[in-house]
Amino acid sequence: MSAPVKVPFSKAVYTRPRSLVDVRSHFCPGCHHGTIHKIVAECIDRYDLREKTIGVACVGCAVFLYDYIDVDVVEAPHGRAPAVATGVKRAQPDKFVFTYQGDGDLAAIGTSEIIHAANRGENLSVIFVNNTTYGMTGGQMAPTTMLGQKTSTTPYGRDFRGDGYPIRMAELLAGLEGTAYSARVAVSTPAQIRKAKESVRKAFEMQIGGMGLSIVEFLSTCPTNWGMKPLDAQKRVLGEMSEYFPLGVFKERKQADFA
Amino acid sequence: MSAPVKVPFSKAVYTRPRSLVDVRSHFCPGCHHGTIHKIVAECIDRYDLREKTIGVACVGCAVFLYDYIDVDVVEAPHGRAPAVATGVKRAQPDKFVFTYQGDGDLAAIGTSEIIHAANRGENLSVIFVNNTTYGMTGGQMAPTTMLGQKTSTTPYGRDFRGDGYPIRMAELLAGLEGTAYSARVAVSTPAQIRKAKESVRKAFEMQIGGMGLSIVEFLSTCPTNWGMKPLDAQKRVLGEMSEYFPLGVFKERKQADFA
Amino acid sequence: MTGDIIMAGFGGQGILMIGNLLALTAMEEGKHVTYFPAYGVEMRGGTANCTVVVSDEEIGSPVVGRPKGLLIMNGPSMEKFLPMLAPGGDLVINSSLVEERQVTRNDIRLLPVPADDIARNKIGSRQMASMVALGAYVARSGIVKLSTVFDCLPKVISKKYEKFIPLNINALKEGAALAGFHA
Amino acid sequence: MTGDIIMAGFGGQGILMIGNLLALTAMEEGKHVTYFPAYGVEMRGGTANCTVVVSDEEIGSPVVGRPKGLLIMNGPSMEKFLPMLAPGGDLVINSSLVEERQVTRNDIRLLPVPADDIARNKIGSRQMASMVALGAYVARSGIVKLSTVFDCLPKVISKKYEKFIPLNINALKEGAALAGFHA
Amino acid sequence: MSTPASSPSTRILTKGNEAICLGAVAAGCRHYYGYPITPQNDIPEYMAAHLPALGGTFLQAESEVATINFILGTSASGKRVMTSSSGPGISLMQEGLSYMAGSELPAVIVNISRSGPGLGGIAPSQGDYFQAVKGGGHGGYRLIVLAPHSVQEMYTLTMLAFDLADKYRTPAMILGDAIVGQMKEPFVASPYDPSSTAEKPWALTGCAGRERQNLKSLHLKDNAIEVHNWKLHEKYERIRNEEARAESYMLDGATIAIVAFGTAARVSKTAIQWARKEGIAVGMLRPITLFPFPGREVFELARKVDVLLVIEMNTGQMVEDVRQCTPLHDRIAFLGKPCAMPTPEEILERIRTLAGRKG
Amino acid sequence: MSTPASSPSTRILTKGNEAICLGAVAAGCRHYYGYPITPQNDIPEYMAAHLPALGGTFLQAESEVATINFILGTSASGKRVMTSSSGPGISLMQEGLSYMAGSELPAVIVNISRSGPGLGGIAPSQGDYFQAVKGGGHGGYRLIVLAPHSVQEMYTLTMLAFDLADKYRTPAMILGDAIVGQMKEPFVASPYDPSSTAEKPWALTGCAGRERQNLKSLHLKDNAIEVHNWKLHEKYERIRNEEARAESYMLDGATIAIVAFGTAARVSKTAIQWARKEGIAVGMLRPITLFPFPGREVFELARKVDVLLVIEMNTGQMVEDVRQCTPLHDRIAFLGKPCAMPTPEEILERIRTLAGRKG
Amino acid sequence: MEDTVTATGRIEIDFERCKACELCVPACPKECIGMGAAINRQGYASAVFERPDDCTGCAICAETCPDACILVWR
Amino acid sequence: MEDTVTATGRIEIDFERCKACELCVPACPKECIGMGAAINRQGYASAVFERPDDCTGCAICAETCPDACILVWR
């Protein structure tokens, strides 16, 4: 091929990821679900997985996954995405299967399903969006809600006496034998977004390599239910949330330990 | 009082614990459930808790708790004992509440309930009997079944590819903020029995002191479903089981850290 | 008086608040009344609506398929609800955001109210737009008395915002004036 | 021939095995047959029982309230099942473990079989007690032919224990002899 | 949010879901456990805000499975306790409900139902009738099921549900929908007048001064489980005989009788008003209790009218109960609309057709 | 454990639970997920032993909630998949079943039912009839429900269940009990003759060469959920019209007709044989499909006989369906025994009474 | 690059899709983006490409926008 | 204590309750317990207090017995 004629600004350096359906999302302004969807779509594109992927949608603000990510998607009952994904992957081990779950979904009602999927080392990738609340149902307490945080069901602030403690899922799951990869990331700065992408890529590679369950926990915002402007919500992630939920990689299986 | 006249062998040094109902148990010969029931009854007696205790029975070989321990008992659906106990304790915070659960009950179907009860720091004591199988239903695989162990649903031996790994609950629960005490004990030697008693006492003291959830995991036998003589079953506990499931205290809250 | 109305607009425009206020007012006047808000996911994604039914008899459905009144605060709501308005019904639109040419029916009674403009320019607070529109609707429909609406304001405005009650009254009055009503 | 029987004893005595064998034999002889074992927690706690129904017609219930036969291998089972036996029915008891005075009915046909003793002393294996009892019952009731039972042994005994088939045949024969049957 | 009115003559504009809370609190309920789900979140939110000050306990569970078991534990402790949920959440409670029915434990379960099956949607629906009245869990138990059709009834029937649950030692369900749950209406906080003040000697409070006791549903020995089932059956028969409730609405001289509950009944009232104005003799029998179903009333009514028009917000569930209550099957007509409210206009249209008129 | 017989003429003494496995494997089912519970453990144990060699997957789930969702995922992948459980476990599957019905996903669910409510016991029971046929989950869906009464039928009806599930894209249930599950009978492994070979273009296999597609039960926009419910309703009507099955047993000239399914029907056969020998003209209509219920057959039968004697191992569930199928309510008699099998003697006794004879 | 006067990149903000969350504004290292006044059909006052001259085409804004409203060219 | 000839303790084994699990046998430091031949109503050949002379009344056997069949006196 001959070199293309150089026209100013003719090279698209950022376009919509192929696997991100070209529609307006229903997410609230500044909600990080949108950012995370984008990252997932980009990573699907990167490994050319679109035509062999089955996504599993959770119940929560991300329930419309099938409207946004251009892959086959099955809807799971609230919290059961890892179980549904298990059923898909056991039937089609050659396909790429991921779940996309909120913190109410994964860390409350779905605790058992994620723990046992991880413990079995199901060869799945889990995108876990921790926004410290139940977004879709109007901002109730989640297991990840911070101490003192006011939600519609902790109107006086979460108190560990009675309501318990914010639960750190990435660490908990890292403690299980079957977990191949567990990391916590955020998307509140451009640098964090880049790092988050790397983590998702790692997670996808784990599955491609047949290493077991990989999970990436995203610290995310819910400006609507936090009653904050999106920029303030980002600040909360960078501040108190990251303090309690440290970013980092908690487990990363090497080829060698998997035998 | 005057000193009693010394009659040879007149002093009972071991009698049935007051809180152990004087009936024959349905347990199989050499099953450690019997030993563990005895220890629980002894500790209830020790703190004079009998009249203020509500026990929560699980579904499993220990379902008949109410026939053996002389306290009020409510039966929970399979795996839900920690949730039922939560309901009891929230209604009657001044009472002593304990659950008694098998490994199928607590570590499989009841995973979510135990994790969240621990995470909330429910002020309960949990007696957890790990015999690496589903005793009552005839010896199927439990989440605690050892790799390679043959059970009626792992006729070719448990394989981590597919069946996952034996799960270490005492350690997992120790990782949660709300857990006050977590230990693993066994009752396969007289020394172990004494140590186990100490652990149960500790667990009960935690509740009496309002410290949060305490759990004692017992490595136990199921001679019937292991297809072993009771003495061989004890040897298995002392051998491969204790290797994979180390005995010890994994968390012990001090008054100071609970504020 | 008997009547029913659907009110709709962006979330944040105060739709549920004015619906609630209207219902309270009707109750205060001794009417049967129901108020039915949008709920659940309907409240995500930036739109909100509610239905108020006022009657002298026991009310059946609190949801109506052919409302006699429509109060529309933004363009998307117009598309959704205009077809439902009963022939001859009252249509109050926030003409600051909704273009009059969007009103594709002529079997209804249109009252365009530049609610945002009035709120910003005359009342001094954009928040008051929905009150302006409510004032206009109340005056036009006569469903309740404007003075009762004034009386009910303290019941929907929390203590913290009490000081804004006069502002709300002004807004209601400005709206009513547009419907030819002068308190 | 038509008949039904409940067999009961301690777990480990081989009750389910002889029940299964009897059912197989009946099938082999072209009969309708059902076999119904104890299951679930019934199998904990050391007792086991099963029911076999043999008939020339389609069988309704595989569980019977008034069996025509009873094969009792231990004391506790006697207490539980004796009242159920149909009047005139056959009662085979393992008289090595069950005392004859426990048989409180005289409207039935009793056949005491010192099964454990015969197994230990004549066959040389305590495991064979239930086979002795089965031999006695088959001979007494005539429900199937003893020779067909022999034929069916390989189907219930795994390859690993094949070498014990002659022992089993001996046990069956010893039992049958007690019922006055000599093969 | 509003609090109970001091004077019973005061009308307060109140949301249906909130009226349930007011009724529960008035009836002495101090324990509420739940898990969020639309369209009933007002209930946990109200309880979270108000129970602490009343010395009660609000606790958000990790799931509906956990919820119903919290409920079981608190009920076993002898306390009045309530939960609320919708479709998927209620389905997850079925095992626990079966245990509670088997263990004879009272509690109030609120189902502000939504569209199904599955995740369905949040539109109002009466698709859970069967689940509620036939026992969605295993083992053939029954729940007492009450169907409010107004904010006022959300309050009064909640109080009644507590009384009946205690009286019969069985879980009682309030079956509402998004319409009665989300709407606001003027409401009067009538004082709680307990219809039963059952003692609870069976409660587990520690065995001080008495023998130990237990609460369980397992009956393994001999025919104990059969005996237990007959006992439950007799209880259900007693409930059938003594607790059926229905509203007769404009049935005087009616030749057409609507049979509808909850929101469907409420909408029907408008249609009936309209039809009566047109001179059509139509009225309604509104079951207030769905279990026990007012079968005798339906039976009698069927003999008096030309047609029973059963209206439901589903494709036909209660109509099966109507059919089994009366042999006059050819007098039964059905108007169903799943996951949506029929409009008064639709109902009127149908009434006119049945009356042989053109609209 | 036995394996399928090579020659169809070979009779093999086979356990009912095992026959289900043989039927499933014959019908091409290679995925089984389950959780232990008495009295159906033979099924997972058989599958664990045999599926691996067939290239299939056996997986023991951590709970029944997880199980039904494994099933959902494998069904969504277009594979034939089965689970089995009993009472409490089936109750825990209700949410998932509702999702599957809503998402129109086929699968076979086996309920070897036990006594309830609650933990109940392991005695045989037909207490789960309502749960099975009325949809124990939320949202008013229906399952196809088949009720085998012999080991042979455990096999054939399992094969049929797979076919019907695929044909109608809906979960199908085998409703058995401990009697048919635990008993052994001579059994013939008749070859699988698929009654339908539905393609599954809806399966999620990755979107290579086609648009992406999804499987879901959520329908939020406008009246989409209403439209979806009408679609499901039409499907259920089609099933009602086309798939009802019943066995007529000795009904020639009968003046008394028993209506019973499963084990109750089986025991009734003995009683009928005895009664016929006494010269009593009694026969039986045995519903093989419980949903669709053979309502037309019942209707016709009721007009021909003097009395329909409904026999159930519960306190009265199917009898409600009989009552709604025929207006001849005064011809309906009921014999119920919860959590226990009625004996042929008891049934005969009742037949005699109905025939106006003394025993 | 810091003193570049002529743009080396260009962005385009989808006016109708923008939800005015403002996240892109501080994200842009060149402060090219500001919030506008015109309200779109969704009711939001979309972000605008205020200072195109400084744009380097680094795409940080696009990576940041949760609604994928921004396209970038170089 | 090791060479004590005369017992300082005594135990009693509940013949009917014993399930013959044999756990008490190796547990006794003095090897006082053995397995019997007589079969109880449950079908088990109960343990027996074979060498009472050596018993110290240490109660280890009792602590060990899962079925609480052993009582100890001193």
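Order of writing sets the labels: A, B, C, D, E, F, G and H. Residues in every chain begin at 1.
Rule of thumb we're sticking to: a residue touches a chain if its C-beta (ideal position, glycine included) is under 8 Å from a C-beta of that chain, and two chains touch if they have at least 3 such contacts.
Owing to the predicted nature of the structure, the values given are computational and were not obtained by experimental measurement.
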item	value
Neighbouring chains common to chain F and chain G, by label	A
Which of A-E and C-G has more C-beta contact pairs	A-E
Chain D-chain H separation of Cα centroids, rounded to whole Å	37
Between chain H and chain G, distance of the C-alpha-averaged centres to the nearest whole Å	86
Averaged-CA centre spacing for the pair chain D and chain A, given as whole angstrom	63
Separation of mean Cα positions, chain F and chain C [Å, integer]	56
For chain H, residues that touch 2 or more chains besides their own	42
Multi-partner residues of chain A (each touching 2 or more other chains)	28, 63, 75, 77, 108-109, 111-112, 116, 136-138, 143, 162-163
Numbers and ranges of chain D residues touching at least 2 other chains	40-41, 46
Parts of chain C lying in touch with chain G, wherever the complex brings them together	10, 46, 74-76, 97
Of chain B, residues touching chain H in the complex	9-17, 20, 24-25, 27-35, 38, 190, 193-194, 223, 229-231, 234
Chain F residues within the chain E interface of the complex	65, 86-88, 90-92, 94-95, 98-103, 113, 115-123, 125, 127-131, 134-141, 216-220, 223-226, 229-230, 232-233, 314-315, 317, 320-321, 323-324, 327-330, 337-340
Contacting residues of chain B [partner chain E, same complex]	50-54, 56-57, 63, 66, 70-77, 80, 83-92, 95-96, 112-113, 116
Chain D residues touching chain F - in the complex, by the definition given at the top	20, 23-24, 27, 32-37, 39-42, 57-66
